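Below is a structure I'd like to ask you about.
Read from first to last, the chains carry the letters A, B, C, D and E; within each, the first residue is number 1.
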């Protein structure tokens, strides 16, 4: 019988924008990996449990996966706050968890069974600023904007601001917004008033898309650097042509050259007519890491012969020591379970028309 | 039962209980009650009449704290009432019925009457939670039943007040007002919606209540025979002003009153 | 046991949400449509989460051991009572939807504050909250929520049969008439508001370890509306209503889990249908019509205060 | 503060505020007639935007059951011109109005005839919102959509005013939204405040029983109300969507709370109140200094709290009439 | 054929039967009085006619229309107006607006204005306060408004529920004068009144209700002298 792996992501609620990409990524992984023989001939079967957007939903999904669906491990949940809530449950039950998109500080430290394939913000952000300076060395004055109710963006902006200081840039203004905001005229006019040469944004796709659009419409001409939250083509329909030229820090790039990624990106594009977003790639990676680790165990003893709780413990051990070739590039884990990712990327958005564009990889 | 004050002479010698001094109330440009002063003696049944919109109900509202006066004052048993909140005035012993009936509609008749004993009971939150209020609750319930007996509604004690017919609601209002154990009872058109036979029953009822509970009663009423028959003294308001006050017979003869109110 | 493993969290959540429904029901007993419960719930949770994770309290934790947990409940209750009075006195001059909105404003202000303060962990919130009494599984929280629920139900039952409960009802039906009949509206409205605040605060302080983490999303407008739905769908004229409503509505999305994407659509339909066909709420339909009150026999002459009930002495 | 900064803040405030206002118009209309908060208004607002989008573009991508659906294989005949947009917006709003009527019939009317607690309508409308939002997600996915270029003809994206050496800026879309909300306000204000129909509407609002005793067909007026509210909601959704894009199925829901604040601040049931409330909250937010922008939300709600304490019936609301 | 005919009408409030098997007719051009003790079911009967209440069984016909098949607002268009118990003025609208809404079913703007003027002449109090919100009027002022508003639709049949309630004696006389005057102009009137003597003096026929049923009826002139009526309702 197939090996059950749990996917607990936000299929409903307003976090479903990410959740639905994660579902796609995971499904692609299932299809692919099974086509390539699964785990020593045994296919895997993904079990999806919707976490919705809240903490209780995440715990319920985890409990279902652990006790009812008897999964060997879990990829999820979508939001960091949900991870803080649900991960301890899995940790106590000794079920390995791979966070596909939890970037907040402290998540792998929740317990021995908690790891993640989403790089923490510290690693990614500085590169983008350096790239911007490469493009325009005369940059002196910068404005920083961030989504204040988003855990990821608040920590990312800290890194951005620190890096800016380290690079001797003058942070002229720091503006906050909410991920639910649509109108940014106040922030934008404040930024315009400062005559900055660079704007640094940490937010999510929708709000940042609007923010960029309004910045440009109201006449901002300089460079824009976006954090990892902007690494999503779902921003394109919002800011359209105005997205053009935005420099984005990426944990994942569709142009990444590994074989794993080329395969993944091609399949994704064939189905969805656009480049795969980071969320899909990370979810794919999560599933793949489980499968790769299971394969190793399977060599020692057929998976079907394992006692479930032993298997979970062994899987967790194996997972942490393995090295993986994934769409994110080569990766492994540190002792806490945090991802050690070989490459990070900086890309610049190129719009083809008002809706479609690509992230062009910058060296 | 304490000695009652059954006859009018006794009432005239009784001490002043309610004293209204220069009460005025404006609504925007309209002076609804205009510099009204009078006194009511303990044990009196005091009638208040006047054309529609003369300010009678407003005067009651001023006396019970529901409407703050623009100026003037009210003293009750020698104590100043002006500025007190309605519930404080109720606690001091002035109770009333409403012209536009204001029962606790969805609650039972019994409950309506029990609620009104609030100021006469003490049990606090914790006493209620720990069940240390049993004796008091029993008293409250018994009293509520007695009052319903008095107005002839005890057979329907459990029914929602809102389901009573108009006339029955008026009776329940009286029972509820009595439940606060007032010293002064203000009745706003108690006989409205009752037929002639019922009105005469009401007349003796009000007297009986006055005697039994040692009350001072003010009553607003448009049914002139009832007022004349029932009241020891009558005051007449017109456009907010007091135009006449005195015993029923003399008021009834007053040409100003005839012109403004009674009609020829 | 396996059942508890799998559904324990859900069961505990049902009780927890039922309790929160009750916390909204409390002010409603006095006719006050207050939606402040999520604010107090969040505050209680933060107090517990801070005391249980902040290094400043590590001394207390070491000294008190498990005793720290009851202390968090107590402190949350006190803090919520205090804040309840501070907010309640001015806000309860408002009526109906206006009051509802003022209380939502209160919830929002608390939410924004907690997003910005460092002590509350900003947007990430507080995490790594230790478990009371060595709890391992979520179902063990039934040991906290169940007794609290029973106490709350007893409390509300006694309350509604008492003088205070009658005062609440009077205000609920007609504030002005209640005032005229000697019931102080302000006093009892604030009391009812504070009761709800304290209950929500205690539930919050128990919920922080229950959810393992605490953040600004715990006290939001959505939660306000959800609790209101508990009360209305359950039945707003009985203590069982909010409880049943909270338990069932919080369980509903879980029961519908197998429908995956469609579950919230069905959830919505259930809300509509329930509103249409259960106008008095679930409990309103179940509870039989009250029996006609029976008349107590008057006490014998020599027992207690008796004789003619109305004398000038009793006035 | 410098004059230019001040003016810029005023413009920003009006821009934000007119979005709140236009959302709130239909919201308050339903309240004024039925005395209920209709949470489904946000969903109808969203739906209106999606309707117009379908008409003018007809493309849905990626996720959802309608994935790859191409309503107009050769591109929408309405796309690419301001007139096409106006026409789509009109049809989209009318459709939203029809949805409003359907909601009334299915989710509110049965309740009225059963004499349910009016608050229950709130729950029912919440259920409707949940159904609509999740249906949208199932059908077209959670991603964002935005209207094609050229929907406002050749208008520049922003207007610039020079004040000495300073520039004051405003986005053109915002000016349009502001203008439309003012026009709607005038029309609605006239109909409700001045005409016989308006008086009858207010009678229905105050006491449906009495209204029918006077020969006013309560059901008909309620249907008209819901149609109008749906239409206004749909139009608002379309306009706001044209400014910010349609940010997924929860697009309108994010306005729900602010919208509620706006209509309560303005005075429940008051049409001008909805507009004034929106502008006041917008201005208040715009004037929060940058250092405190994190507390912007709190400022708006604190302001609301304080104003309500001073004027318990909201800015333009009618005081409760309480004649004893 | 009678103008209004109630046949075996029964009306319930939940389990409580407030009106049972009641039959009653009102002929064109008549004034008919309905009297009875509190709770007898008078108001219930009027509310059933104007379709504010559902009938449980029986029939109500007006000029051949089956009223039980139509909604309340339709009844008004047939020509029935009611001045209800509890007045039910629209508290948040002015006197003038209340009057205008009373004529909602009419389209003749000129006629409506003339009628409003006439109401102001009849009730000078209303005229003085025409812009005051109805909710702030005194009880009696509201009663005048409720009656005036009912007249505004120019009904063929006028249902008056205790019109004298809360009115000063002068105004009561005025009301009864108006009733006669309208009747002389051809308006049919069904009058519920506690001031039974005055009502019977004004009306052609009287029905007496007890506990939801008609106990006896007859010409008003006869019934005024009737022992039973005298005793129970006239305080004789």
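FYI, a residue touches a chain if its C-beta (ideal position, glycine included) is under 8 Å from a C-beta of that chain, and two chains touch if they have at least 3 such contacts.
Remember, it's a predicted structure, so these values are computed and weren't measured experimentally.
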Chains contacting each of chain C and chain E, listed by label: B, D
Chain B and chain A - chains in contact with each: C, D
Farthest chain (mean CA position) relative to chain B: A
Whole-Å separation of chain centres (CA-atom averages), chain A against chain E: 74
Chain centre separation (chain D, chain E; CA means) in Å: 44
Separation of mean Cα positions, chain E and chain B [Å, integer]: 30
Chain A and chain D, separation of their C-alpha mean positions in angstrom: 34
Chain D, residues touching no fewer than two other chains: 134, 137, 294, 297, 322-324
Residues of chain A touching at least two other chains: 12, 148
Two or more partner chains touched - positions in chain E: 136-137
Which pairs of chains touch, using the document's own definition: A-C, A-D, B-C, B-D, B-E, C-D, D-E
Chain D-facing residues of chain B, complex: 57, 61, 66-67, 98-100, 102
Touching residues on chain E, where the partner in the complex is chain D: 50, 52, 71-73, 76-77, 82, 84, 88-93, 97, 100-102, 104-105, 133, 135-137, 149, 153
Chain E partner contacts - residues on chain B that touch it in the complex: 27, 50-54, 56-58, 99-100, 163-168, 189, 192-200, 222, 224, 261-263
Residue ranges of chain A touching chain D (in the complex, touch as defined): 12, 14, 16-17, 19-20, 24, 148, 173-178, 180, 182-183, 185-187, 189-190, 192-193, 205-206, 209-210, 213-214, 216-219, 234-235, 237-238, 240-241, 272-274, 354-355
Complex interface listing, chain E residues touching chain B: 13, 16, 35, 37-40, 43, 85-86, 125, 136-141, 143-144, 162, 165-173, 194-197, 231-235
